[in-house]
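Read from first to last, the chains carry the letters A, B, C, D and E; within each, the first residue is number 1.
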């Protein structure tokens, strides 16, 4: 069953058609790579999927619910969650609070509970702390729990951003260049982490990345776009050998 | 040409650079590799006087750089492509490139250099009148490099130029770096992509938590086991 | 500090900010009087000290200043608040604390109401406003007046209201034109006044505003007589040419030959480098009146001072002799002045009446 | 027996217990000082003013410090609260004899009306960002002040409204303030507070993890204005006299300055800076015309040398002092030891 | 109708002064994103300078020289303020800088009160004021001159910012200071230059304000300063044309409200309109709505 279903998606910026008739289905617990040259429209597709931009044409369905026209925060509630090409953490909040903000909608107590510190408040907060701890454990961040996010090294910030996205309990995770700025060793670790979360959290993942080792190494299926249009689809191996892809993207 | 001796930099109480020494000879490509937070960016910023060092000396063509104000460093031939691109988001691509030649007055030569940049990066010519803030990440990186070239630098400091670029462009960028170098510009290159960087450079230094732990000819480092393990995954 | 060798008088007024002009005048007038009194031997053989605090024209600041005067400085009597608003905010406290108050300049009727120990040296708004209206109707034959007043200033509004009430009583026509304390541009109002064909403009406001209005009226070629209140005092200093021929009601005339007036004007000008205005004169008189009441009382006991103030007949005042009615309002004569060639000419004198 | 002792020790060292104890101690000390006349009425009045400014600044801190929006019209909400409370207070006085009840009833009215105003302004205003929002709130504040002046049949206009029962005692003011600060503190430490903080940090990211940013911005705005309404009520009952000018742009700026000077997002910062900025001008009275020259210089100098404000975003925590003292003592001990060797 | 046109002329006059002040405001805001609350005080000092030069010297300075000298003094004052109070805070949160701006504004007001006292100085017009008759309407020369100057400066500055090198440097600095340094731009100088231009224009506005309304006093800059800033926001802050448009709009709305409704509703109407405009055009009439790209 498709978690994400995109049909004939297009967006126009003035004279530029940044995404042009884009179609995609992502199945449950599938890991799909989205690659393409710089400026091909990958990030723009993410922005369309998450409600940051309104498509000029086309439809997007998450679990059979249309998301077009919904605000980003509501789309999160429908089960998608993302990271950003330029890391966007809550820099002056602790690592723990970064996760707990994302866990917000899954907590259930109202303002009065927080002012009177009711039992419900305590139980829910304790549960949130527990969840945060579990997530941080997975990402090896537990020791930084009380650090401010801005004080983490870059690689850890990337991981925290993924952890935060997971805390919303998504069915599909959209990762925008998670390995950017990492050295090969760190990238390798990241690959392992991505595989792990896919299995442990049972999510689908759509991933943008320029690091071919990562993309080819873990993606089950790859979609290649150029100038907003799909130029190839298929298994990593086939993509690696596709002439068009080599010409537009991989190089000799 | 560029010589860094006993450099120390502090951010408040954080001692980010702890006594770094290295040298860049004229005509060379020198690579600085090291993991995240090792202090690579900090060193480049110290060279272009964007941040104050707490001790040590940096000389360029035998003159101490600390006698220059930050904006004057560019004028004596040091161009810096900063990490994170730092294009002017509200200016068009063309205006960004023109800013690169800000202190120059030779209109004709500027025109020619502009043409050269467009030849090197056709995408920039396509997007000439788009405001830089809406460019894609890779496009912005091209713009940042193109803009620095408009300076006609003697030495080019590049901070992770391949970050976020498509594979074909990464190759392209490293080719361009070599080309720029061959046309007479010395290059100090900071990279995560150690493999490629070491292949095109002459000398290299490995930086770990603010200190240089290894140095040598790039070819040798490529075969160094430690480097292989840490920075060049098989 | 409770230094018992001095008589301490508090002054509260806007010493900084946009209204500082008025507070500073009051402070200066009061301090000049104190200086002269000390030179002549003080009050009850003690030196007089005037302690002036800033209210910024704000009632909260005024209350703070009052509390400080009462608790820190332990004043014997209060000269002020300068503005009605601040004075009203302080009044209840002063009644409760039984501190004798003689405000030189707060003209709002409520200031002295139900407050045995609160007096004032100036006329009330209504007295001045209706006198001006009577003058306009009887002497200048005005049948259709423009009333231009500052709605943010209780003084200005109070005079305007009284003026209009008198016109209503006589079934004469008028139109009100309000402006705000922070306005500098009166051209829109003046243009309307010009095209409305009025016989005269009643402009109860202080010099700074009056000067600006008259200058702009002049620039626009508005050719109607203006009438004002005691806030006009001092208009001749900077605006003689644009105010020439206009009238205002006042406490006294600077050209008055009386020695007390001439000495005051001369001493003030020497001390502060500028001519005094009505506020300065009133503050000067208030300090003298208070001094005399204290001498009469023979003690600094608040009840004695209040009693002495009630019985006071202070004749040697710059702004006309002062005698208080049952409320604590002065029964004073009123002078109507015409500005002629930069001088005050007494146009008419209206004898004191018990309101 | 032993168990009971440890239990007692635990309660005594419980941070909450310590904080409560300290608040009560402060109150009792002040109360004693007042009862014994060691604090004269001048200071007494200033203390109440400090408490009012604490309410105003901590409430503004919700919108400015925690939410991160520039708000230059907070005095407007204060004005709405003050006039509402004053009018209610005058009307209800014959029916309610107890001061506390009268204040409670009027302050509730003030809070509700100010909150409604917050909702009315907030809804459209939150479509704007940064300085534009600041200007819009400034405009709102000025509109409120003008309305108060112009609706003179209710407010007595520029003449000012007098005859308001003067019922604001130190005790009422103190406990009202403690209550409000506590509520704000607890609120900020809940999931709702975190959501608001995250909007300040990064609006886009906040939305991307499912925070309904419009709703939370509005909530912050409305809460800030509700508490400002209570602050206004305290103010109305303090001097018994209200004039529209007390709620002008400069007052908004004054509150805003307190928040920034104390540290945006720090409640204890707001408290400290309320104390400083209420007393400072009073102590400068002796300098007369130099008073505001000095005052403004102090502002500039503090900002130049502590741009993050006196407290930054940190909270002053009594319980942490103990830890700090312990480390201090141990380091001193160590030094001494070293010295001996 | 005749009355209406005369009121329109009144409005244009006020508006052109707001426009002059607003242009300076918008430039300073554009470069360091700081609401320079002290701009109104620079306006006030500019007027005092002109007064001193015109009326206290033993010889007569020509009008143009008085203006140019006062503008220069104000420019120096503006640069000084930036160096003393704002420069150190460039990396700090913008709101901190806002507080120093507020502090600076208070400081200058009270400094002026200390130096010049609180009694207003009377400023006589420095030029011949006989009205010019156009289509049967007498228009004060001062009005014509102010309108002309505001348009002239708008055109000059627009050209300067868009087409000249220093102008482009200004835009670069406003967008990314660090990158600007790397281009060889002396950021300090560019910022100083902006303050100098903005302050000089503020002073010009102050002088015309004082001549039109005849008075100079320490707090005279507060309200026109605020109005000018609102004008800049109205038109779209950062946009020079917008500042001018906003200035004229506010001037005309104010005058028309005073003339046809009541002066007591002026602020309510001006601010109300401001709010309405911001709701439909969140970045002002001519402002560009730039959304952050993620």
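Here is the rule we use: a residue touches a chain if its C-beta (ideal position, glycine included) is under 8 Å from a C-beta of that chain, and two chains touch if they have at least 3 such contacts.
Please read all numbers here as calculations on a predicted model, not as lab measurements.
> Return the chain whose centre of C-alpha atoms lies at maximal distance from the corresponding centre of chain E.
It is A.
> Would you mind checking which chain's C-alpha centre is most distant from the centre of chain B?
C
> Give the chain pair that accounts for the most C-beta pairs in contact.
Ranked by C-beta contact count, first place goes to D-E.
> In angstrom, rounded to a whole number, how far apart do the mean CA points of chain A and chain D lie?
The answer is 41 Å.
> What's the distance between the Cα centroids of chain A and chain B, rounded to whole Å?
31
> On a C-alpha centroid basis, what's the spacing between chain B and chain E, in Å?
Those two chain centres are 43 Å apart.
> Going by the touch rule set out above, which residues of chain C reach two or more other chains?
16, 151
> Counting only residues that touch at least two other chains, what does the list for chain B look like?
Chain B, residues with two or more chain partners: 134.
> Of all the residues in chain A, which ones touch at least 2 other chains?
Touching at least two other chains: 43, 52, 84-86, 88.
> Which residues, counting only chain A, touch chain B once they are in their complex?
13, 35-40, 43, 85-86, 153-155, 177, 180-188, 210, 212-213, 248-251
> Quick one: which bits of chain E touch chain C in the complex? Just the residue numbers, please.
Touch list, chain E to chain C: 3, 6-7, 10-11, 13-14, 109-110, 113, 117-120, 122, 129, 138, 140, 209, 212-215, 217-220, 222-224, 254-256, 258-259, 262-264, 266-267.
> Would you pull the chain C residues touching chain E in the complex into a rising list?
16-18, 20-21, 24, 151, 177-180, 182-185, 187-189, 191-192, 195, 208, 211-212, 215-216, 219, 221, 238-239, 274
> Going by the contact rule at the top, pick out the chain A residues touching chain D in the complex.
50, 52, 71-74, 76-77, 81-82, 84, 88-93, 97, 100-105, 107, 109, 111, 113-115, 117, 121, 124-125, 128, 164-165, 167-168
> Which chain B residues qualify as touching chain E in the complex?
Interface residues on the chain B side: 48, 50, 69-72, 74-75, 79-80, 82, 86-91, 95, 98-100, 102-103, 133-134, 147-148, 151.
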